[in-house]
């Protein structure tokens, strides 16, 4: 058995009408549909769309890290 | 009619006693008093004041982008 | 009496199961147990742990500034 | 007469269907409608939209510097 | 139907003998062979090879963003 | 009465034949001709012109922050 | 035959109990199980875990570049 | 006797009504009240307060390095 | 019992005549003399002294993170 | 024969009235008058002068790498 | 006669016992002994040595730009 | 005799088949063939070539500083 692991990071942009936290969770939820073993995220950028002088969507770019299976 | 647009970005610091999202919205609301067509924001910095060991104000620096009219 | 002050910044990582704001406050609360006169914070990094495709903890690195006493 | 000048920088996003250079020029042309004495630009970011796997618009963020009159 | 979308960014290096714009387009064209719904690109780095004191290839690193289907 | 304020930052380049501090003050003085309530500055870049192997002008880029009136 | 190539970069975190170089190699070895034509790596971040005041694992984030086949 | 030393860096904000250099020195003087063996400083950020369109205080963030005793 | 922890980061410069890894370990060893529960490190900067065209000392700046007790 | 090479990078600013690519080539051409074996370039900064609301010169800072002879 | 010029930047560290401005000037004076046509400088880093809790030397890293003759 | 010195930094890329430390030393050794008084180095970038899924060469970009003679 190996004494070390290798991880991969993917970069996603989650969006949400309600909060930065919700946009992060949406990115993670979407990522989990195709990747297992998600372990951590890092916020890279926070931005969003404005409609009628209101935040319409928070758009949060996150890097999501996961262990490569059998690594 | 032009086939391209030009946008301007202005940099504001919104503040709020309650949340980062509210500080962003406050900057956008203030900006909308003098500028139309706000389209997006980018968070540049998040900081705040502390009073009696509590966050007293979140201060969020945002760049706000809007289309220059008739561009 | 001096006409200037000196401040120190310390770097902490606050965590929270619920929100980025709560993680910031937790870092400040912990810091206030050993340091007085906390005046401001600056968010340096936002990341977190993921468990079962859900954010388990937000981990927010903040620099916290305080006045050095008698400076 | 003063022996020094003061300059201001504004941040614009020029766009173009054809090239990065054209997007820069479009931002400058738009800026010149309301500001005189434009002297230099600095490219801050280059990005763009994609439609049908083709670059539809280059979007180039530039800072444009100009001398403040009578400074 | 969801009221939000999730996007993924991938990082490619396009190259071209002729121009920076052509290198960007080459990266996008290659990316479109395996991914649908490409929406935007961000230039991360511009460099190139020199042969006999001439630019032989522009090499432009771009992040390309696309909507995750059914997100 | 609002319990929060909004601030705007503008970016200027002050110049001076004598010192970095003087260049900063020149930018602030010029800015104060058109804007009230200047509250703080942040140095972004320090550079200058050289003539006959002497610094001819310090050129200091500063962001200047001020409270938006009635915000 | 095309006169240019397109490359992709993926971001991995290799780990090792013994050295930074070994962590880089572990990331590359793992990557090579699913991707061919690996050509270069760029170190993005170096960090690690500490156990009993000893480095337990070096964790090196690398971007790994490879030629897209038939590009 | 060890053939190597370990240093620690602390981050302070010195302020001064007169100059950037004086703000740096004030931070160092304050730091020296509690720490010995100060060896070097690195300027991290220069900013300040404005009162009545004049620089009221320069605020210079410095990292100050010192040798850990007996290291 | 709290469901969250707070961590502190300190910044040290470890040095070594032999390797980057050894410089990191030296910083950690020195840090562990006064702080318990060291958990991770992040390399911030790698530099060194040269004597007679040989590396005399590697100097590696690391941030070391540890859990604040009872947090 | 050595199994490794050493490269040097020099930093130049090429200018051109016509395009970013031409400014890069001009820097390379000038560099090649005094240095052989130029191998690659990296764009560091893109800016330019404006005259009468038109780009008068693109000014592109590039690092140019070349193999040190006999290394 | 060419309608464009090429510039080179060199990186020097000037030092001074008295001020940041003096350290910049010292770097420029030294540079001018071997290079003609110095045109501008850019401050890259400001640091210094401390002796007996006083700034002993300011050390300012500057990039100095000059026109390549006959370019 | 002057009470201050001026230093120059040059940027080299050292390579090695065996380690990051060896690549740094190779850059320094090469640099010392033409320059005296090398005093320090700063690692700017670490990357390398991959052949057959193995690191073929570490390529470490370093800035090397040396005192300008008679400065």
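The first chain written gets the first letter, and so on, giving A, B, C, D, E, F, G, H, I, J, K and L; residue counts start at 1 in each chain.
To be clear about the criterion, contacts are C-beta pairs under 8 Å (C-beta built on N, C-alpha and C of every residue); 3 or more make two chains touch, one makes a residue touch a chain.
None of the values given here were measured: they were computed from a predicted structure.
> Looking at the contacts, which chains touch subunit I and subunit L alike?
Expected: G.
> Between subunit E and subunit K, two copies of one chain sequence, what rotation angle (nearest 5 degrees) aligns their Cα atoms?
That pair's rotation angle lands at 120 degrees.
> Going through A-E, C-H or F-K one by one, find the pair whose contacts repeat those of I-L for over half of the pairs by residue number.
So the equivalent interface, with over half the same contact pairs, is F-K.
> Please indicate which chain is farthest from subunit C, where distance is taken between mean Cα coordinates of the chains.
J
> Is the contact between copies subunit C and subunit H built from the same residues on both sides or from different ones, judged by whether over half of the numbers are shared?
different
> Using Cα averages as centroids, what's the distance between subunit D and subunit K in whole Å?
Once rounded, the distance between the two centres reads 29 Å.
> How many angstrom between the C-alpha centroids of subunit H and subunit A?
38
> Taking each chain's centre as the mean position of its Cα atoms, how many Å separate subunit E from subunit G?
21
> Which parts of subunit H, given as residue numbers and ranges, touch two or more other chains?
Within subunit H, the residues that touch at least two other chains are 10-11, 20, 31.
> Taking the top-of-page definition of touch, could you list the pairs of chains it picks out?
Contacting pairs: A-B, A-C, A-E, A-G, B-C, B-D, B-F, C-H, C-I, D-E, D-F, D-J, E-G, E-J, F-H, F-K, G-I, G-L, H-I, H-K, I-L, J-K, J-L, K-L.
> Mind pulling up the subunit E residues that touch subunit G in the complex?
For this pair, the touching residues of subunit E are 10-17, 23, 26-27, 30-31, 57, 61.
> Write out the stretch or stretches of subunit E touching subunit D in their complex.
Against subunit D, subunit E makes touches at 20-21, 24-25, 28-29, 31-32, 38-43, 64.
> Given the complex with subunit G, which residues does subunit L contribute to the contact?
Touch list, subunit L to subunit G: 19-20, 45-50, 53-55, 58.
> Taking the complex as given, what residues does subunit D use to touch subunit F?
Residues 3-11, 63, 65, 68, 71 of subunit D touch subunit F in their complex.
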